[in-house]
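In what follows, subunit A forms one complex with subunit B and a second complex with subunit C.
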Partner chain A sequence: MNEVLSVRGLTIVFPMGHRTIRAVDNVSFSIAKGESIALVGESGSGKSTIAFALFNNVPQPGIIESGEIRYFQGGNFLEMGQASQRQVFWEKVSMVFQAAQNTLNPLLRIRRQVEDIAQAHHVNKKVAIDKARELLSTMYLDPTRVLDAYPHELSGGMKQRVSIALALLLDPEIIVLDEPTTALDVISQASVLKILNEIRRQRNISLIFITHDISVISQVVDRVLVMYAGSVVESGLVQKIVRDPSHPYAKGLIGSIPPLVGDLSDVHGLRGNPVNLLSLSGGCPFADRCPDVMTRCRTDRPLMRQLSTGNAVACHLYDAEGEEVRT
Partner chain B sequence: MKYVYRSIVALVMIFVISSLTFFLVRLMPGDPIIFLETQLEQKGMTAQQAADQIQVMLNIIPHQPLLEQYREWLVQLLHGNLGQSIQQTGVSVRKLIFNALPWTLITVAIGLLGSYVIGIVLGVVSAYLRRSWVSSLIDNVGSVAHAVPAFVTGIALLYLFTVVWHVFPSGGAYGITVTPGFNLPFILSFLYHMILPGFTYVLTTFGSVTLSMKSSTITTLNEDFMMAARIRGLPKSKLMQYLGSNSILPLFTGFMISLGVLFSGSIFIEQTFQFPGIGNLLATAVNSRDYPVMEGCFMLTIATVIVANLLADVLYAKLDPRINV
Partner chain C sequence: MIELKHVSKTFVMKKSRASARRLLHAVQDVNLSLSQGKFIAVVGESGCGKSTLGRMVSGLIPPSAGDIVIDGKTMTQAPRHAWKKWAQLVQLIPQDPYAALNPVRTIKTSLAEPLLYHHKIRRGELNQRLESLLDMVGLDAGNVLEKFPHQLSGGQRQRLVVARALTVDPQYLVADESVSMVDVSLRLEILESMKQISRQRQLGLMFITHDFRVARYIAQGGEIVVMYLGRVIERGPTEEILRSPQHPYAQSLISAVPILEGRERRLEEIVPRNYELSVDGVPEHGCPFQPRCPFATEKCVKESPELRGVDHPEHLVACHYAEPRKLIAAAN
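Up next is the complex of A and B:
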């Protein structure tokens, strides 16, 4: 397996006054060349924070407490100098930001911003603009109009597609897509995802999707990591996770998505409120909301176990099955 | 088209407010015109001579209905005639203003420029070091400088630099040995004389600029597009460009408006340093009830404020694509 990214034991904290929020807690995963994975979890589970950590750019006042990030089986990215990090940025790894609405400089036309990226990476400006034109038209945008527009002259959905085009501009090997289709209607969602998947096939690039809605991306990803309160609670192939989730949280998450056809009474929501990261104690973070909670769950943190189904899960319900995964 | 409309509105505003100065003087208690007439007659003029003299000075014909007076005044104003000084007999108000204006303009321009350069630099430094003591030092110095009134700062500087240390001259715009004109000794002498007043402008203005620049820089630093620009691998110089243009922009309107407002702020400073500018001219006119000169100074201030506002709007729309005038 040709590994393009490996994340080991990533822990990110936000010091808030005298308490500390553990937004990402000992997360490990890796992605192979040409593979497409998804980080799935409800709001606040730490997905975007992981994405920013991949660029060593967690928002203030966040601190990467521990962990390693290796691109292309190289050294620990987090310990590299700024110059070496900048060589990875955008040329090797790019990102479609969750806040795509505000990620363009409001004072410059899109054309200038494309040129600025080109210049920063020693790409001929004209070549970059031609490339941008091509990408914008595959995104169903009028290239000339968009290039000559200021960000405020574009709609939310247009900006999101511009953001995807910019992420593809330098032919990166990995693209992180943080809720890339939230501003798009259902039809555009499907077509944009289809284009991304085609580009992945053609260029054999790796995609990391970040979403709270697994149904949208289940057609275009190979593997899924389900996150809860900063930890990965279950991971496995997308079909396995969607059809046969093991973790009670994953069951709830997948059960809470209304089917396009069928009876709405089949929809089960998750009980309780989203986790409060300030009130986490030693046990399983999901214990308070878990329908199958046991005494052990309140005191012992469950470890990742590889099940016979192929999924890995961190839950005491499966303590008797499979074997522990070392992270 | 929009600009034409805005300019017309500005002109109308200047006209209306200038007219107000006319009525204001007319409506002051103890009718100034009668007072002046009596004064002139006491000096030995006949009633006719006094009336003629008043017409020359104030551009009105006394004892006519108010509207008639206003009409006459307007006609003269449109011909560029602002009347004559009461105190300095025979000198036109226009000449007094033109003599005083260059001193104020140059000093204010240098003072404003200096305070904005210093304020912007300090604001950016304070924003970058916002968790360190340097930042709170800068903020406190800025707040104090901003809070102390101009005349206090002026007097303190005057005392320190002319009484305690005899470093700078205590008044005037140039030394008695030089001849005004485009020659080096004069220019040097002028610069030497304007250091204290100019420095007072800087000291009273840079504080608020520093504080606005700091908050605007922090706001921009936290914007998503700055984070995106970093992740897109833009070099430091480009990031600074993005940061600079976006955080200086909100200060622009304030800058343009202070261009106009500093004309009135100059009263205190120019009086303190006996600097022969517009502020001093106005203060002297007020003290000696020189109504034509007062009217002239008011109209000048009004016109600059309104024009500066208009320019601010027009230029802002050019700088910020999001604004449509």
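Up next is the complex of A and C:
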């Protein structure tokens, strides 16, 4: 398999006074060339922290306690010197930040921002502008109008599409998108999803799509990692997880999306409060909210098991063979 | 029953340079009725006038034209003191809980204030009353009463805002989901309890959202009203609107909802000619949706379509070329 990214045993902690928060706990995943994945989970589950770690840029006071990140089957990115890190990143990985609409420089016209990126990466400015024109028109934007505009002259959806165009400027192989549609209006959101789906198919790019809303990812990624309290609790093909989730948390997530057709009677929200990372015990992090909780869930940490469906799940309801345990 | 009769709201916009004034028709000629026990979802993009409508229904701002009639009494012409009664009958639940709760007051003070203001109870009964209110929205009084808003989770804060609206025994709730700051997975639990409480107490519920999934869930068995640039462009029984929407804008909104692959299937997709609401404002003539409408003709530029009945007697559409389209089906 032609891997563009491999993450192994990534653990990230935030020291908070005399306690530490384990914001990302032993997370592993890999991405094949052209394959796209989503990280899905509620607020505080560690999604953005993983995204920052992919750039070895975890916010203060966070510490990457252990783990390896390899791009393009190279060495451990976390142990490289800054110069080599930059080389990996040079043009190959880019990021669209959470609330990216607000990360455009408000004082500069879009044209100037394109030129600045070109300059920083030693690309000819005219070539970059031509490239930007082409990208903006694939984003259903009028290139001339947008290039001459200041960010405040554009709507939220237009700004988000401009951010994505800028992220594509250097032809990356991987784009990390943190909540790219969360702040957008419905129709605008649909346009961004459509564009992302087009670029991943046409350009053979890998998307790492981060969201708390599992209903938006069906058409933009191949695989999903469902995260809870810093851990991956289920992973697998998006259609399989949406149609037939195995982990009680994944079931809850899917079950809380009201359907557009058919029966509404078994739509229920997830019960209980979001997890408090400071009060996690040694057992399953979802135990307090889990409708199927068993005694051992409170004490034993469930391991990731491969299921016959192809999904992998970390839950005591499934045994080592991936069979559902009857209780 | 609350009836809106040709209700409009116009804001006067001062242009930055010179003194030229422009009128912004935030809500235009809306007719609606909300009775106790009925659920209505108002759907539309940002800026379509949903909150403005909600604030008029709750008596927070007066209409520029038209009348709001409650139980046969024309409130918009009633004397000022009648408005206090109105504010108690109809409670607005802003969905931005940060804005709704005073950050420097305890939850107890925030909840007690409307109770005492509307003389709903005597001081001695306060604690007992607060407990039963919090219990109704699934919160534990002992756990939250002495806390400040920032000490609660997003979901708890949102439930609290619902509890606060219920303090004064309203007959109608207007819930504005304009800012949804809570995770989708937690949002549903709140919607569930709001629906259940409204049913139990026979409240009329007007729910404002931009999400057709939420609209269908909340207004199950009720009515969906779709607004575009201040006007109602389609309305009808919830299932009828989802099964066969007829206005190209309503069809665009439903087409924009991401599909849950493996559970739902898209049969047809209607894509507006422009993904953004026009920044240049409403066209002066013709159909407001015409600049974005994929089906617009010369007629749409010239003539404004009236809201008229189609098929089902309660299904109304304002489009010259209204046509039912089946957009979504269950996955097979």
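In the analysis below, the second predicted complex is superposed on the first by the 314 of 327 C-alpha atoms of A that agree within 3 Å, B and C clash if a C-alpha of one lies under 4 Å from a C-alpha of the other, contacts with A are read in each partner's own complex, and residues count from 1 in each chain.
By our rule, contacts are C-beta pairs under 8 Å (C-beta built on N, C-alpha and C of every residue); 3 or more make two chains touch, one makes a residue touch a chain.
Since this is a predicted model, take the numbers as computed values, not measurements.
Applying the stated clash criterion after superposition on subunit A shows that subunit B and subunit C can sit side by side. Of the two partners subunit B and subunit C, more subunit A residues are in touch with C.
Of the two partner chains placed by superposition, only subunit B is touched by A:Leu166; subunit C is not. In the superposition on chain A, A:Gly252 makes contact with subunit C only, not with subunit B. In the superposed model, A:Ala190 makes contact with subunit C only, not with subunit B. Once chain A of one complex is fitted onto chain A of the other, the partner contacts of A:Arg86 are limited to subunit B, with no touch recorded for subunit C. When the two complexes are overlaid on their common chain A, residue A:Pro143 makes contact with neither subunit B nor subunit C. Vertex at subunit A: the C-alpha centres of subunit B and subunit C lie 80° apart in angle, rounded to steps of 10. Here the smallest spacing between CA atoms of subunit B and those of subunit C, following superposition, is 10 Å. Within subunit A, not a single residue is touched by subunit B in the first complex and by subunit C in the second. Within the complex formed with subunit A, the subunit B residues making contact are 222-225, 227-235, 238, 242, 245-246, 249, 319-322. Listing the residues of subunit A that touch subunit C in their complex gives 42-43, 140, 155, 157-158, 185-191, 193, 212-219, 238-240, 242-244, 252-254, 256-262, 264, 267-271, 273-274. Contact residues on subunit A toward subunit B in their complex (touch as defined above): 52, 55, 57, 59-60, 86-87, 89-91, 94-95, 97, 99, 102-107, 109, 116-117, 119-121, 150, 152, 166. By the touch criterion given at the top, residues 45-46, 153-156, 183-192, 210-214, 216-217, 220, 242, 252-264, 272, 275-277, 279, 328-331 of subunit C touch subunit A in their complex.
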